[in-house]
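Each of the next two complexes has chain A plus one other chain: chain B in the first, chain C in the second.
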Partner chain A sequence: MVNLIVDDKKIKVEEGKSVLQACLENSIFIPNMCFIKTREHPHASCRLCFVEIDGLDRPVTSCTEKVRQGLVVRTATPSVRRLQRMAFKLLMSAHHCQPKVCPAKDGCQLIRTAKHLEVGLNPRPLERLERDVEEEVDLIFFTYYPFRCVLCGKCVYVCRQRNGHNPLTFANRGFDTVIGFFASGDPADVPCHHCGACANVCPTGALVLKPEYTNAATTNR
Partner chain B sequence: MTTPELDGEERARVEEITAMLPHFEKSRGNLIPILQSIQEKHAYLSGAAMEMVAEHLSISPSEVYGVATFYNQFRFHPPGKHQFKVCLGTACHVAGGDIILENFVRKLGIKDGETTPDREYSIERVACVGCCALAPVAVIDDTVEGHIQPSRVEGIFVQFQVERERQEREKAERESGE
Partner chain C sequence: MSRVDIKKRFAPILREATRRTEEKKTDGIPTIYIVMSTCGLASGAAETKQAFEEALSHKSIEARIVPVGCLGHCYAEPLVVIDHPTSGLPPICYHQVSAARAQVLVKSYLEKGDPVFKYVLGATEENDLIPAVMDFPRFNLEQRLVMEQCGRIDPNDIYQSVAEGGYGGLVKALGSAPEEVIAEIETSGLRGRGGAGFPAGRKWRLARGAGPGEKIVICNADEGDPGAYMDRTILESNPHQLLEGLAICAYAIGANQAHVYVRAEYPLAVKTIQQAIKSGEQLSLLGSSILGTSFNLEVIVFQGSGAFVCGEETALIHSIEGKRGMPQHRPPYPVEKGLWERPTVVNNVKTLSCVPSIINRGAEWFRSIGTEKSPGTAIFSVVGNVIHPGLVEIAMGTSLRTLIFDVCGGIPKKKSFKAVQIGGPSGGCLPESFLDTPIDFDSLTEAGAMMGSGGMVVMDENSCMVDVSRYFLDFTQKESCGKCTFCRIGTRHLLNILDRITKGEGREEDLGLLETLSKDIKSGSLCGLGKTAPNPVLTSLKYFLDEYEAHVREKRCPALKCRALTAFYIDLEKCARGCDVCVGCCPVEAIFTTTGRKKAIDQELCVKCGECMVVCPPEYDALEKVSPPELAPIIERSPEKK
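Moving on, here comes the complex of A and B:
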């Protein structure tokens, strides 16, 4: 066990954990989109979990920082907030918030993050990103909404963990990057058996299991 | 649309890939070289081809797909009989190359990088064909069309139509002459 101080609060956690996980487990919220605690090498792609650590000259992503004895962490300094707000605005410039139809709205991490950072859900002053992708994509078992997707990569990761020959992947690149599903032939032969892990882990409701497959997924779990 | 003729073509391609794969060592580093040589042979990568490569390298087909879609050099549709390459390099972009591309896209009802179901036409976007003074530029088969106007797009299709009708007429004349 190691002791660390987060925002003047003393917490005690097991060694080997990341600062982000240590904080979350001690009910100190740090915004995060792409973090999965079992992941050995964090993706660190959402750029939301910045913190300041005494002794380091600039903010660092807390998911990539391991806890050490006597660490002094600050989660809400002006420079941390500046980075987090910019990262959030960048996410929102690509994410179309549609609260009326969004399946994730109750547990939406983006809304929670917006409240935490005290910013609106619009990308202002940034412009909305015009992307050359479709509104809705049919991925055999799923419906995928590219404009909701923040490309956190959680679905691709859990798919890889669960299925030997994972059908989920990133496709294309740059602004056109989407989640792709590569499988041919009979849907029954697709190795994933629509386990639904990817749809469950999606923080923005971008990947939704089709109604006709939801029952099968709950019994498979 | 699967005609027996296309199936035969497909089978020939699969056989070619089967013959080719053993020449490559089974290492992940060979993924791109393999994809490149398949595309060099067949001008595009089919789903079946990507699955065969995945099996050869013992990786997931989706990984092959992810890598292949990342790079602009790979195509996923067989090229059409007539190929339209619309330049979207800097000069052409400024001169409205995207409008020209949109005209082709709307006329054929396919997106760039795709081929019409009858395999007659395919559209591609390219980055600079080296004659920026003629912007906006499109390359129709092997002919460079400079200062191309949106209205010219329709003209190109009419030209192909006329050409096809002429060939059919000549063929009919030849047959009736025999």
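Moving on, here comes the complex of A and C:
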């Protein structure tokens, strides 16, 4: 066990954990999209979980920092907030927020983040970006909504963990990156048991299991 | 095995190499060296070679044709060096040798003994008859260490490399303990030539110390900066120097496996390095039990598919493992956990190519070149508005002014210098006031640019800095892997803002937003690509803010570059009656005849291609380009002619 101080609060956690996990387990919220606690090497792609650590000259992502004895962490300094707000606005500039129809489980992570960062859901002063993708993509067992997706990559990870191989992966690159489903045609030929793990882990309701497969998913869980 | 035994094993190879070189020197047959790397081939070296062959057989003249790698003098391609021992002249270097010139050279020089002075660039040795190339600034201000043999030896003939000292460093290294080799590299102060400048010796030591088990060494030849081609040239011109460096590194860190990650868009480089590996294995300089020792090294060529981000070491490793080329957070660094989870050293082509000469000539010799903190040389591919573009190898610490104005001949067409972009898309644009900055890792980073892998674009007064930033951002946002938020979405916003500024739709708040966003992308991104992507924007905002302001506030492009902000018109005072070359060249029929049989441009139809300005005869010089476009006088086309 090691002791660390987060925002003047003393906490005690097991060694080997990341600062982010340590904070979350001690009811200190740090915004995050791509963090999975069982993941050995953090994906570190959402760039929301910045914190300042005494001794380091600039904010660092807390998911990539391991806890150490005596670590002093600050989660809400101006430079941390500045980066988090910019990252959030960037995400929102490519995300279509539809609170009324949003199927995100337990509430959308983006809304929770907005509240925490005390910013609105609009990306101002950034503009909304147009993307050359369809509103809805049919992925046989799922429906994928590219405009909701923040590309946290959790679905890709959990599927590979659970099933060894997976048809879910990143496709295209740069701003055009989407989640791709490498399968076509007959559902029987698809290497997917529609276990629903990917849809469950989605923080923004971008990947939704089709109603006709939901029952199978609950029994598989 | 003792040092003596290794030398004994190497002796017959060296003997054979020396014998072959001596034979060439003494048999009196002329040798024609043709530069046949990718750049030479693109400018017609294959046709030149064929013309030589045909002319020689037609005249029944005996001569040896040796295809060699690149000399780095792109402005003079195709280059040919003719060594005609019986003529009494030194070897002569000829520039722009087309197929027709090749025929002339065979007829005049090889047959009749006249060296055709008008095609001569210079002699390659000091003599009394022909000025030697070494007296030209483009040659004598350079200090060649890595590129010493480039363009002088046949890359596909391992013996030519050995005759010039190739693999001597490996022989020396194998006779010493791995720790001694690492210590030598550490003492030399060699810093990674891939851009960041991390000390190579320290990297090797970390990898060697990273637990037991096998290590891996990777040569990063995934060169992707627009306008940069140093690594390609080295691979194509002297692959054995690189392989020797790779083998020394592998021996030092305890690796039995080496990968050369080279992009598939470099087919000749791939072929050359594969051929070099094969011939190295045949002579037991690579492969299993090298020179009779217990050291084995398997060298594998991996062809990358051209993603710029795969030049980042963690993405490169993923790519070799068959995964999507996406960078990941470091630590763990590849020296702890790299390819297949094994400690891995990833070094750039130029870094590894420096290694043989450091081992051969010693760390002190290497330290005597360059500056204290950045010893050795820097290789730049200087392109853009310079008289003598090409590859230049200079000692670290040389000033930008010397490089651009003395070595590369300055700006053509008597135009003035505006900026130099160093370090590719990750680097920055430096204005004239920075010309006396010494070229080394720390000075360039301090100025806001970076050493990068060695791309350098020189720009004259006609380059618009907003447009240049837009160009680089277009490149980085296309090449972003799409993983992290700042790079994936942030660079797209930067591009959109720059795009609208160059179109004259920029808003006052855009300038502040550009700066804030750039700074946040720099501190928030996951990997080096994102962290450096805003550099072109930040440096141009800092040094050329007036240009941005002119675009946003006055809708004016001071360099007359941005299409939406410029217009062409014909000065009726200067336009000649009856001349109609401009009418014929206009692709959209925007030019019409107005009063006095003079010509005018229909601004609504004009696509601003600038062709009319090119073709208007210099004695009239009637075309004018202005910005903002409202400055062009409007001449109405008579309705019936529309």
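Just so it is clear, the second predicted complex is superposed on the first by the 216 of 221 C-alpha atoms of A that agree within 3 Å, B and C clash if a C-alpha of one lies under 4 Å from a C-alpha of the other, contacts with A are read in each partner's own complex, and residues count from 1 in each chain.
Assume contacts are C-beta pairs under 8 Å (C-beta built on N, C-alpha and C of every residue); 3 or more make two chains touch, one makes a residue touch a chain.
Just so it is clear, the model here is predicted, and its values are computed rather than measured.
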Which of chain B and chain C A:L126 touches, first, second, both or neither: second
First, second, both or neither for A:I36, with chain B first and chain C second: neither
Touched partner set for A:R173, first chain B, second chain C, both or neither: both
Contacts of A:S45 with chain B and chain C, given as first, second, both or neither: second
Partner chain(s) touched by A:L117 [first = chain B, second = chain C, both, neither]: neither
Partner chain in contact with A:A94 - chain B first, chain C second, else both or neither: second
First, second, both or neither for A:H165, with chain B first and chain C second: first
Chain C versus chain B, contacts on chain A by residue: C
Chain C-contacting residues of chain A that also contact chain B: 169-170, 172-173
Chain A residues touching chain B - in the complex, by the definition given at the top: 164-173, 180-184
Touching residues (chain side chain C, partner chain A) in the complex: 307, 324, 326, 328-329, 332, 477-486, 488-493, 496, 509, 513, 516-517, 520, 523-526
Touch list for chain B against partner chain A, complex: 47-48, 50-51, 54, 60-66, 69-70
In the complex, chain A residues that touch chain C: 41-48, 50, 58-59, 61, 64, 82-83, 86-87, 90-91, 93-94, 125-127, 129, 150-151, 153, 169-170, 172-177
